[in-house]
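Here's the structure we're looking at; comments come further down.
Lettered A, B, C and D in written order, each chain numbered from 1.
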Amino acid sequence: MSSTFGQLFRVHTFGESHGGGVGAVIDGCPPRIPLTADDIQVDLDRRRPGQSEIVTPRDEKDQAEILSGTFEGETIGTPIAVLVRNKDARSEAYSEMAEKYRPSHADYTYDAKYGIRNWQGGGRASARETIGRVAAAAIAKKVLAAQFAPDLEIIAWVKSIRDLEAKVDPDAVTFDQVEGNIVRTGDPDAVAPMVELIKEMRADGNSVGGVVECVVRGVPAGLGAPVFDKLEAELAKGMLSLPATKGFEIGSGFGGTLLTGREHNDPFFMEGDRVRTRTNRSGGIQGGISNGENIVFRVAFKPTATIMTSQETVSTEGEDTELKGRGRHDPCVLPRAVPMVEAMAALILCDHALRQRAQCGEMNWAIED
Amino acid sequence: MSSTFGQLFRVHTFGESHGGGVGAVIDGCPPRIPLTADDIQVDLDRRRPGQSEIVTPRDEKDQAEILSGTFEGETIGTPIAVLVRNKDARSEAYSEMAEKYRPSHADYTYDAKYGIRNWQGGGRASARETIGRVAAAAIAKKVLAAQFAPDLEIIAWVKSIRDLEAKVDPDAVTFDQVEGNIVRTGDPDAVAPMVELIKEMRADGNSVGGVVECVVRGVPAGLGAPVFDKLEAELAKGMLSLPATKGFEIGSGFGGTLLTGREHNDPFFMEGDRVRTRTNRSGGIQGGISNGENIVFRVAFKPTATIMTSQETVSTEGEDTELKGRGRHDPCVLPRAVPMVEAMAALILCDHALRQRAQCGEMNWAIED
Amino acid sequence: MSSTFGQLFRVHTFGESHGGGVGAVIDGCPPRIPLTADDIQVDLDRRRPGQSEIVTPRDEKDQAEILSGTFEGETIGTPIAVLVRNKDARSEAYSEMAEKYRPSHADYTYDAKYGIRNWQGGGRASARETIGRVAAAAIAKKVLAAQFAPDLEIIAWVKSIRDLEAKVDPDAVTFDQVEGNIVRTGDPDAVAPMVELIKEMRADGNSVGGVVECVVRGVPAGLGAPVFDKLEAELAKGMLSLPATKGFEIGSGFGGTLLTGREHNDPFFMEGDRVRTRTNRSGGIQGGISNGENIVFRVAFKPTATIMTSQETVSTEGEDTELKGRGRHDPCVLPRAVPMVEAMAALILCDHALRQRAQCGEMNWAIED
Amino acid sequence: MSSTFGQLFRVHTFGESHGGGVGAVIDGCPPRIPLTADDIQVDLDRRRPGQSEIVTPRDEKDQAEILSGTFEGETIGTPIAVLVRNKDARSEAYSEMAEKYRPSHADYTYDAKYGIRNWQGGGRASARETIGRVAAAAIAKKVLAAQFAPDLEIIAWVKSIRDLEAKVDPDAVTFDQVEGNIVRTGDPDAVAPMVELIKEMRADGNSVGGVVECVVRGVPAGLGAPVFDKLEAELAKGMLSLPATKGFEIGSGFGGTLLTGREHNDPFFMEGDRVRTRTNRSGGIQGGISNGENIVFRVAFKPTATIMTSQETVSTEGEDTELKGRGRHDPCVLPRAVPMVEAMAALILCDHALRQRAQCGEMNWAIED
């Protein structure tokens, strides 16, 4: 049951990096949403390996097939099964992994939990698992646009790589600005240094991490829930469920702890008929519910665990040994993490949109119009 | 359904700050766990108002009554309902709140979502709601101790208040060290400056935030789950569901993005029969599953939103106005947040312990013994 | 988690027959529904003991208190906690039950499952647990009337007691006809014989069962779901979760197996703009989804297990022994079961109404208008 | 979300009768259970079309592929995705169904709910959907045998077809007796008349229904749950979620309402160390929890809705019209329903076995040994 996300727009992912394939079953999707495999492919192409010179050169096309839940190009309200076959498998590259645990990977912990693991690649812990999420999110975005918030924008970008920080204005950055460079940052001046750093790390057999920032614009006030399913709590969970993440903060985040209440509070004011706040240290959410301002949050990704250097580790037999990374890997996951962050945000917003409609009817979405 | 937490050790909280009372129904608790109201009261007393000179002087005894689910001092496997009556209500202190939205509170967003709110105090968004969580966690800790990990320790402390940082070693800090001072920090040298800062803020009608750090010691390897319910994802959700939180990080956290993979990876080695890591940048969790090292994470709490200064805001009629905080409030939530952080951690660990037993049987808990 | 019912209109019941009390927490209720304790009391009074000369003479007022989730007479969207204190407890009447298992009760099975049980009365297995359901259903009915189907009618009645069968037309029977007699049957001619049979059974220390039939009128087409949560499947579960039930059938039921397809099929025809069926062997549901015809189903209740005769049984020590029923009991649960059957139907319909609004929007409810 | 079954052994089915395929994702399965596609195929072959002269002659091999969740012939604790491609599609046979609603099918109700439907075959309402259930149940049975109850037997058989009733002793009937004849009844004398009746019905373009009875032997006492998830309630839901079902009864069922309490109660006695009951009117379950006796229940299946006769119906345009069944159909679903009934029982027992282990540990399963 740990592979299910969402209460109403419910995603069940499946699949290991090696084996028959990966994918998702999406249940609870509204009917009569136009949907073809091409709609899904667009986002899968943004997360796939081999897309640029700074990501892993594995060449997987990740072609999506819709097995069920649509008819003549529209959703029909039944579960939508999406399958992406596994293709470019070089399992011999992983044979050493059968006997040695890779440091800072999930090999050991899977064995400790299950007493068995698929040691070909990362198995279920592989970032390949996120294919199912990205596919489901492509559908979620269509639902949001068709039925709830036509002007909704979910845009993520690389905010920093190691100590290189991009200057990006969450209120103004555009999707095209981000997609226009292979790093997926929103700051043109940051592209070259970031590319250079990533290449340098790869040349050295090393790796590097960073921070992805994300803005959601066009969310009306009233979305979310009190107590456990606060919108920021759901986002925190969604983001920390992505591989390689170590932290989440919203609005003022950790930096906000350096301010006093007088400095930190967001004063309300009227802008025409609309309630606005002067500042946005809340990050667009107050008490778990959106206030109509932009939702802004950041996610920390650690440096890729696979490095091309010999490292101290232990064998499955419980003996000290060494292991050197092999195969083709991302020296920096950030560029490919951008669509994953957007995907989790889209799934959460779509789920809460349906929850809102269930409990409160359609009304509130119109308030801000 | 936003008031339910957990899949197997399932907590349903209820209650507003004003009204009949607050509490929780805990379903799925194992039978034959010794339990009386006193067991719950201990932790409620750690979170209650009026406990020291640096928290709100509201004097609420928060006396817990167990309505069901126990018999002759033991749990019987059926839902445990816990009720704490509301007592010290001065609703007249809140009458202005009926017509004006408090900045950086949830007043406006509740109205936007529901079209109605209990404006007496924080209603459902009040920190008083956490009583149900703390009561449930007291039970969770008893289950963990009785059936899973007798030596499990969950200890949280105030790591920083504004720019005052405590020096605390997560591997060594004790519960008594933390509970021995009213700030609940683990660093004796930090107590006086922190108390002084909080009193200064209160005298000024201002407020301040900070960071709570938490360690879980004695968790065997193998607890948690892949993909969406990763242990760190559950912790992130649990923590961000607490009032006034703005961020969560585990292990190396945001700071870990400044390291390269070579610096960041945690090498494995054998310590007798036990798999250990040389460093613990993973924070005790790899791929969503515990690796047997200490689980260490941090939570950012913003400065209390209620300040005794006139602030710009809007009325429920949509007009610009001003509002000045009244009533008795915490100038700093951190000391009372410590048991809340521990509570969420306990609920998550207990839930995953039951999930582990369901899917994998009892075996793995014994591995590290 | 076995005490939760519903996916969106979610009811969590708690409480044993002896102890602090019984009740329910209802989460997911739409806001701004007028609601007071009196609304709940009406239905509680229909299920309470002591209401007539043919039910148990235990005199429990079962007074409901709303602890949370309402403000100034309206729901506010947060969990509604309802508590009914236990009062008329004569636990000494049960002392023998501590040591002997009552035949055809749940004493032995609770012990087998949990290794412990509250032997004072039926504990969690007592029909007293249904108080929480009936209270929740009173709210569900208000939601349905206010937001979905103002003309919806859910009417149950006693169809048979042992071999005494009432003649009742599901399309025509009224609530007042049923409530107008203490047996709660819809056939005036059946009242006297049924009362006589029940009294005769009681005089003999014996008991008797029967069948409750229920009709739901005014449900538009399109409510329900495919596959596992078919409307008839949900009704079957809801009804079989009531104490003392042994069977469920919808529409033609078991009798329908004696017909051929040609006899059994319900031909469609147009009645103005509305799609109707000539017959209603489907019982108002096809493929799990309502077709706009009346939903008609029947529930079998076994004779009350508590009888005033010495019976063969075993002790908790595993020895053969005898036990004679004591205390005050219903010789026939049917009259008090009627509001319970209605309650489960109301909970299911309200839950599916919210589910329908979530996935498909408001539209379909208007189709039949 | 209506396509998910189970709380811990969780099955998500997908697929329409026409389109890419049907299948299931099974989450929560214990690791290290031996499993290959062949294990699943055995049960799929029992439900597939074309298996004998009295079922539909559609020749679909229904070949299962395991896409994920196993490694080197064992489960690994991650979601098991099973896919069966759709093959023998003659969608032209269904073109008339695009414009006319088949009586007593789900065509109209799907349209009423979703405003769209896959009119090629039954779509999601097709019995083909049960492939996912049967595949999942094949795994559930392996889990039960490996970890909980090696001697557990789940055997269903055709109890009656129209008015032809088989004489079968639930305590003695064997799997081989049932599988040894194409009707899947346990009474050798009933086979010939039943085959004859089915052939006669098909020759006449008509159809017929009946009752499937099922016994579960070897369930220890203590399995199940109180209140809403009573074992009999779960069985009722599972059975009524199967296509074409109209009723469920357990133990004495509807017939039990004709007895008095004195006749109906099951006296306890000791058989060695084991608690037994003299009679089994409870059907092996008391208060929602197994008592160690055989679980016995019956399910009513209506006559197949598709008949080869012109029937009155309406068009999707809301006009009166006629429709004559075409294509290849089962004149009687009972023989193929037998493995479906067993499948739902297996899913429920496996789910509750995991739930029991989660809450109460392993102990109770051993009580009866």
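The rule is short, and it goes like this: a residue touches a chain if its C-beta (ideal position, glycine included) is under 8 Å from a C-beta of that chain, and two chains touch if they have at least 3 such contacts.
Keep in mind that this is a model prediction, so the values were computed, not measured.
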Remotest chain, chain D as reference, centres from CA atoms = B
Between B-D and B-C, more contacting C-beta pairs sit at B-C
Return the distance between the CA-based centres of chain B and chain C, expressed in whole Å.
-> 39
Report, in whole Å, the distance between the mean C-alpha point of chain C and the mean C-alpha point of chain D.
-> 26
Separation of mean Cα positions, chain D and chain B [Å, integer] | 45
Indicate the residues of chain C shared as contacts by at least two other chains.
-> 1-4, 7-8, 13, 28, 31, 77-78, 113-115, 124, 226, 355, 360
Which of the residues in chain D end up touching chain B in this complex?
-> 8, 28-31, 77-78, 147, 226, 354-355, 357-362
In their complex, what parts of chain D are in touch with chain C?
-> 1-5, 7, 13, 101, 103-106, 108-110, 112-115, 124-125, 129, 160, 162-163, 201, 206-211, 220-230, 232-241, 243, 245-254, 256-270, 273, 275, 277-278, 281-283, 285-292, 300-307, 309, 311-314, 318-320, 355-356, 360, 363-364, 367
Over in the complex, which chain C residues touch chain B? Could you list them?
-> 1-4, 7-8, 10, 12-16, 19-23, 25, 27-28, 31-32, 65-71, 74, 76-81, 83, 113-118, 123-124
